[in-house]
Structure formats: structure tokens, C-alpha cells
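Take a look at these structures.
Next come two complexes, and both contain chain A; in the first it sits with chain B, in the second with chain C.
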Partner chain A sequence: MMDIERSDIDPAMAVIRCRGRLNMVAAPALRACIEQSVDEGHTRVVVDLARTSFIDSSGLGSLIGGLKKARQAGGSLRIAEATDQVLNVLRLTNLDRVLRPHVTVEEASRGW
Partner chain B sequence: MSLDAPVSAAAVPIGQPTVHLSLNSAIRGEDDGDDRARVRALSSLHILDTAPEERFDLIVRLAQRIFGVSSAAVSLIDEDRQWLKSKVGTDFVQGPRSQAFCDHTIRGPGPLVVLDPRHDERFRFNPAVVGAGGVRFYAGYPLTVFGDHRVGALCLWDTEPRELDDAELILLRDLAHWVERELVSDAELGRAAVVQQSLLPKLAPVIPGVEVAGGCFPAREVGGDFFDYYLIGSDLQVTIADVMGKGISAAIVAAGVRAVLRGSTRFNDVATAVNRAALSLEEDLTETSTFVTLFSARLAPDTGRFTYVDAGHGLSAVVRRSGALDQLASVGPPLGVVPGQVWYEQETDLGPGDTFISVSDGWLDYFDSVQQAATAAVGIVRSLSSAQGIVDAMGRFSAEHLATDDLTVVVLRKPR
Partner chain C sequence: MVGEPAVYVVEGVAVPNSLDLLHDLMDRVGVDHPDVQNEDLSMLETAVIEIAGNLIEHGRPSGCVDYRLRLDVLSDRLEGLLADSGEPLPITVLDGSAPDPLSEDGRGILIAQAVLDELVYERTEHANTWRMVRRRR
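Let's turn to the complex of A and B:
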């Protein structure tokens, strides 16, 4: 099971924390959470993956889909504190170039 | 949805033998057109006359225990008969629709509770009711699929009179919803699996000096994996791709990707073919919010020249005759992620005794790390001497382990 929790940092930015396995079961919930955040004006989204133990192609899909959505709204999506498993999958698929991993949420929150 | 009508608003009044609980929605008449559509919906589930399945038996056993009744069943109403997919406490398998309690249940969106059928005009002469040991209590909740087709009921009955309170009716509704999800998920899975299987080459091309084998081993979740190989002149074109997502939608996108690639590879080198395909697919992939990881390669059998494009696939390697492992690096993102992306060709060679292997990310699911997954795959390649043997071994591994994702494998081998 995955816990997804959103905190709005300022009127334009939100941090979404994902805890657990980001697979096909959890991906639609993350996707919906990102879309809702963007729809409500928080178009700069940081996804905190510190507690995400596993990601598969559906999970990657929710991040890429969220990134597209945020960009369309004039914002963007960044990921932070990804675990080794998540980083490995990002590198394998070359998606680390599209979703550049940030070391900390704090770092990801700066300089949009 | 009509099924979520609050059942608690309609308790069963004592002393009134039969109650249709969704009083606010009219009981549907015997409309032939409606019933034909309903029977078609049932038939599209491909469940009639199939063997018992634990996923339904479990719900039926639970229902029997929770409600403490003698019998419970998943009952389906075909054009002219009632057929039980799953049952406990009865040997009844099927009977005429005209005698089915559940045929009355499916006429309304809510539950049907019959407190004593001996006092109900519709059931008092029913063979199941008449005489000692007959049915004295019945409760059924309609099973609704594809929006509004009530194909059957989750039903309980007993030879002793009893009642159901509001909380029990809610429980019965929840169990019925569970049965509905199982009915539909299997139909979806079946259709997706059919699409997926139809995308795969039936036979490997015969090429002197190269063994070609591939396999796609479906799991509970059918995804958008496929592989393809065919000859272009004397060269062998090999493709392995994974569309992000699961089920019928991923399978449909996969069918499109395969068709576009089949067209573009025919007249272009590997990189040009991928770039043209990516351009054609960009709009589709954006609109469906999906992406595709792809490995596309061309082998010249006589020289062993092997050119390829890896678009975010990343799970391909050549195991050399010496046993050494050359991982083929992925240098571009998947298709459908970066608009206007261009992919470049890379090159290696396949010599005598070398084995090329590419797997889908389903293989990673069995292991704790990418490294372990690679080690296991290489172990299998090194221990076997034919391309087909390697594919079969990986398929057996997939069947023996708990697979959540499907696994696709392609192997090319040049014998020594």
C-alpha cells in the first residue's frame, strides 16, 4: 500500500510525499494527486520519494504524466530523495535526464 | 450508480413477506431488447459453463458463513436458464430461468429479500419451495456489469426462515460489488491477453547460422509488452517494446506501436525507422498520456553486424562466447516523453558462440535489485546451449515465481 500526502508550501508550490510501493496499484492515486495540485494552482510540484521503496513503469508513467501536466500549466515537476531502486530504474530508462533527481526536497524547492 | 442506492433506507418490514428494496426506482418490465443486451453482456464475460474458480468460491463461502445460511451462490441468468458459477451448500448447477428466484432479483437494481416464499404468489408453487425442506428464506443482490446490465445475483437461501437487518443488507451489497469486480476484471484481462497474443510473431524466421527465439509470458496483469522479428531482405529486424500501463488500453497502444514500426523499419535503417515511428506516434502517446520503452535492432547474419537503438529499454546484453557480459547501454529516453527527441544508432557485433538477450522489466519484479536480475539472466544464458532453451527456461522461472508483471524475452544466438 502507498500513502500519498500533499503539503502546499506556497500558492504556487506543493510537495507530495509517497510512501510505499509506487506500482500500478498506487500510480493512479499519485497521478490524481499531482493533477489536483496543478489544477488548484500549485503548478510547481516536488515529489518526495524518500520513502518510496519500489517503482515500476506505471509509477514512472504517473511521474511523467504529472510532469507533462505541470508543464502545460506553466510549472514543472521535480523529484527528490529517490532511493537506490528508484534511481536505478530512472537510469535504466534514461528518464533521469527528464526527471533530474534532486538530493533533497529543500534543494528541489529552490530556483524554479 | 443505481447499485449504490442506500439500502439502509429500506429496511425489511416485519410481517410483509417480500420487499423490493429500491422502491424509488421502477422495476423494469420484460423488455426483450433490454434483455438481449443483457444476455450479450453476460456472454461477453466468457464465464458461462466455465470451471469453478477460487476467487468466486471464496466470496460465496464467506457469504454463507457471515450470514449463517445453508446455501449461497453466484447465480447467472442466461437467456433461458439460471447457471451457478459458484455455490456452497447445494448440488444445483442449472435450471430453467422461469423457476429462478434470481431472475426476479435482476429486475430491480436493489436487493430482493423473500422472508417466506410460501406466502409469495411468485414463489409459492416453485419446485424449490413446495414441500418439506423447501426454501424458506431467500436474499439476492443483483450483479451489475458494464454500467447497467444485471447479469445475475449473489444469493443466499435457507430451509429455515430468517431475516436480514440493514447492516447485513449493506454487507450483502458489498460482497456483490466484489463479485462484480471479479467478473469484469477477468473479462478485461481476457480481452487484453487476446490482443497481446495476437501481436506476437507465430514463427521465428529461419536464418542460416542464427537461432531466433522469443516468448511473452503473461501474468495476472496483462500489460503492453510485445516483441517482434522478421526479415528485411537478408537482415533480421528485432523489436522488443513495453507500453507503460496495463490492460486493454496498453494492449491497444502496443498494437499501434507495432504497426507503425513494421512500416517504418521496412525502408529505413534502425535509427531512421525509430525516429520516424516516434514522430508518427507522438500525438497518440501524448493524448493517451503514455510512453513506450523500445529496443529495436538489425542483425546482418553473415557479418554479425548488429545495429540498435535503445529508447529507455535498458535491459539488453550480449553474453560473449567467453562468458563475458556486454550490456548494451540505453542512450535515449522512451518514446512519448520528450517532444522532438532524436535517437541515435549504436553498434556491436554478434560472433559465433555469442548470445544476445533482451528482457522486459517484468524480469526485474522477481529480484531485489537490477544487479541480481542481470546475474540470474546471465546464469541462465551461460547454462544453456540453444536460444529456445533459454526462452523456455525464463518462462519456467516466471511460472514458478509469483509474477505480477508479464515477462517478454527475445534471444538471438550464433552457434559456435
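Let's turn to the complex of A and C:
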């Protein structure tokens, strides 16, 4: 199970916190949350993965889909505070070049 | 339990909620075997969830495929054997080549291969089997 919570930081930016396992069961909900955020004008999206204990290819797909959606709207998507398993999977798939892991949400929130 | 070989089994119908059972099994192995490195266990878990996810998504007849995962904790390796009663998998599902960087799918087998030392698919008369080996670091 995964809890997904969105906080709108300013009119253009939102932080989405994911707690739990980001697998094929949870990925559609994250995708929908990101899409709604972008549709409502929060096109700069930071996904806080501090409490995401696990990610699989479906979870990665939802982040990539969200990145594309945000870019199409003139924004972007960043990830922050990824745990070891998430960092490993990002590195092994070379997706750390597309979704560069930020150390903190605060760092990810600066310099868009 | 520390240092002793152990066998774990979980089985059922391959549906999305099965993934929680597999995750929970891995958590239990970690509690039972604190000597197993977290990274070894989490990388095997990554492979198991990818292969099981493929089965849930592509296994036919959809929603009616039985699976059985046997997990062995051995002194030198962790070994998973996932068997299912489904039809033979189409060749496209077995493709482990890297997709476009902005592709949203097609990475499951690639990830499983990357986190394991051995990944072998076999089709027997009535089952698909995946042997997944992660050598202990």
C-alpha cells in the first residue's frame, strides 16, 4: 500500500510525498496525482521519496510519465531524498540521468 | 536462524494484490536473517517483484494463473524460483533490451537482469519458471 499526499507550495510548485511501496499497484495513483497537479497549474513538481521503501519499473514509469507531462506544460519534475533501493534502481537503469536525485526536497525546490 | 539455510514458500493466484504478499515475505526473510545484507535482499526483492509484475500483467488467461514462489536463503546466495501455470510467455515479454530513456515501460526484465547474478527462464510442459539468483556480497 502507498499513501500519496500533495502539498501546493506556491502557485507553480507542488511537493508530492509517497509513503510505502511504489509498485504496479500504486503507480497509477501517483501518475494521476502528478497529472492533476500539472493540470491545476503546479507544473513544477517535486516528488519526495524519503519514505518510499521500494520502486519497480511501473513506479519508474509513473515518474517518467509525470516528467513528460510537466515538461509539456512548461515545468518539470524532480525527485528528492530517494532511499537506497530507489537509488540503486535509478542507477542500474541509467534513469538517474533523466531524473537526477536531489538530496533534499528543499534543494530540489530551488533554481527551476 | 542466523547462518542456517532456510526455505520460504508463498503461492496463490497472480493478481496485483499478490505483490504485497511477496513484499511481506521479503520483509520476513530480513527479520529472520539479520546476517543477510539489506542490499542483497532488496535487490532480490526488486527482481521478484518485476518478474511477478510481468506475470500479473502478461500471464494468460488473465487473472486465472496460479503462481508459487520458493525462496532459499543459502550461505552463499539467495535463490528465488517463481513458477506459474500460465500459457507460454510471448517472446516480447522476455526482451531485456534497454528502451528509450523517456519510455514509460519495458524495463522490467532489464532491471531483473541488472540486480541478479543469474536469471533463467524455462518453459516446461505445464509451467513457466524463472530462476533468480543473487550471490551474497
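In this section, the second predicted complex is superposed on the first by the 112 of 112 C-alpha atoms of A that agree within 3 Å, B and C clash if a C-alpha of one lies under 4 Å from a C-alpha of the other, contacts with A are read in each partner's own complex, and residues count from 1 in each chain.
Note that in this section a contact is a pair of C-beta atoms (placed from the backbone, for glycine too) under 8 Å apart; a residue touches a chain by one contact, two chains touch by 3 or more.
Since this is a predicted model, take the numbers as computed values, not measurements.
A.B. asks: Quick check on the chain A-based superposition: chain B and chain C, clash or fit?
C.D. replies: On the superposed model, which is not a single observed complex, chain B and chain C clash.
A.B. asks: Once the shared chain is lined up, is A:S76 touching chain B (first), chain C (second), both, or neither of them?
C.D. replies: neither
A.B. asks: In the overlay, answer first, second, both or neither for which of chain B and chain C A:R21 touches.
C.D. replies: second
A.B. asks: Does the superposition put A:D56 against chain B (first), chain C (second), both, or neither?
C.D. replies: A:D56 sits against chain B and chain C alike.
A.B. asks: Report for A:N94: first if it touches chain B alone, second if chain C alone, otherwise both or neither.
C.D. replies: both
A.B. asks: Looking at the overlay, what does A:Q85 touch: chain B (first), chain C (second), both, or neither?
C.D. replies: A:Q85 sits against chain B and chain C alike.
A.B. asks: Considering only the stretches 310-318, 346-354 or 382-390 of chain B, report the one that runs into chain C.
C.D. replies: With the two structures superposed, the offending stretch of chain B is 310-318.
A.B. asks: State which residues of chain A lie in both footprints, the one left by chain B and the one left by chain C.
C.D. replies: The overlap between the chain B and chain C interfaces on chain A comprises residues 23-24, 56-58, 60-61, 64-65, 68, 84-85, 88-89, 92-95, 97-98.
A.B. asks: Name, in rising order, each residue of chain C that touches chain A in their complex.
C.D. replies: Residues 16-17, 19-20, 23, 38-39, 42-43, 45-46, 49-50, 53, 56-57, 98, 101-108, 110-111, 114-115.
A.B. asks: Which positions of chain A touch chain C when the two form their complex?
C.D. replies: Residue positions touching the partner: 1, 21, 23-25, 54, 56-58, 60-62, 64-65, 67-68, 84-85, 88-89, 92-95, 97-98.
A.B. asks: Where on chain A does chain B make contact in their complex?
C.D. replies: The touching residues are 23-24, 56-58, 60-61, 64-65, 68, 84-85, 88-89, 91-95, 97-98.
A.B. asks: What residues on chain B touch chain A, complex-wise?
C.D. replies: Residues in contact with chain A: 221, 242, 244-246, 286, 289-291, 293, 311-315, 330-334, 337-338, 361, 364-365, 369-370, 404-405.
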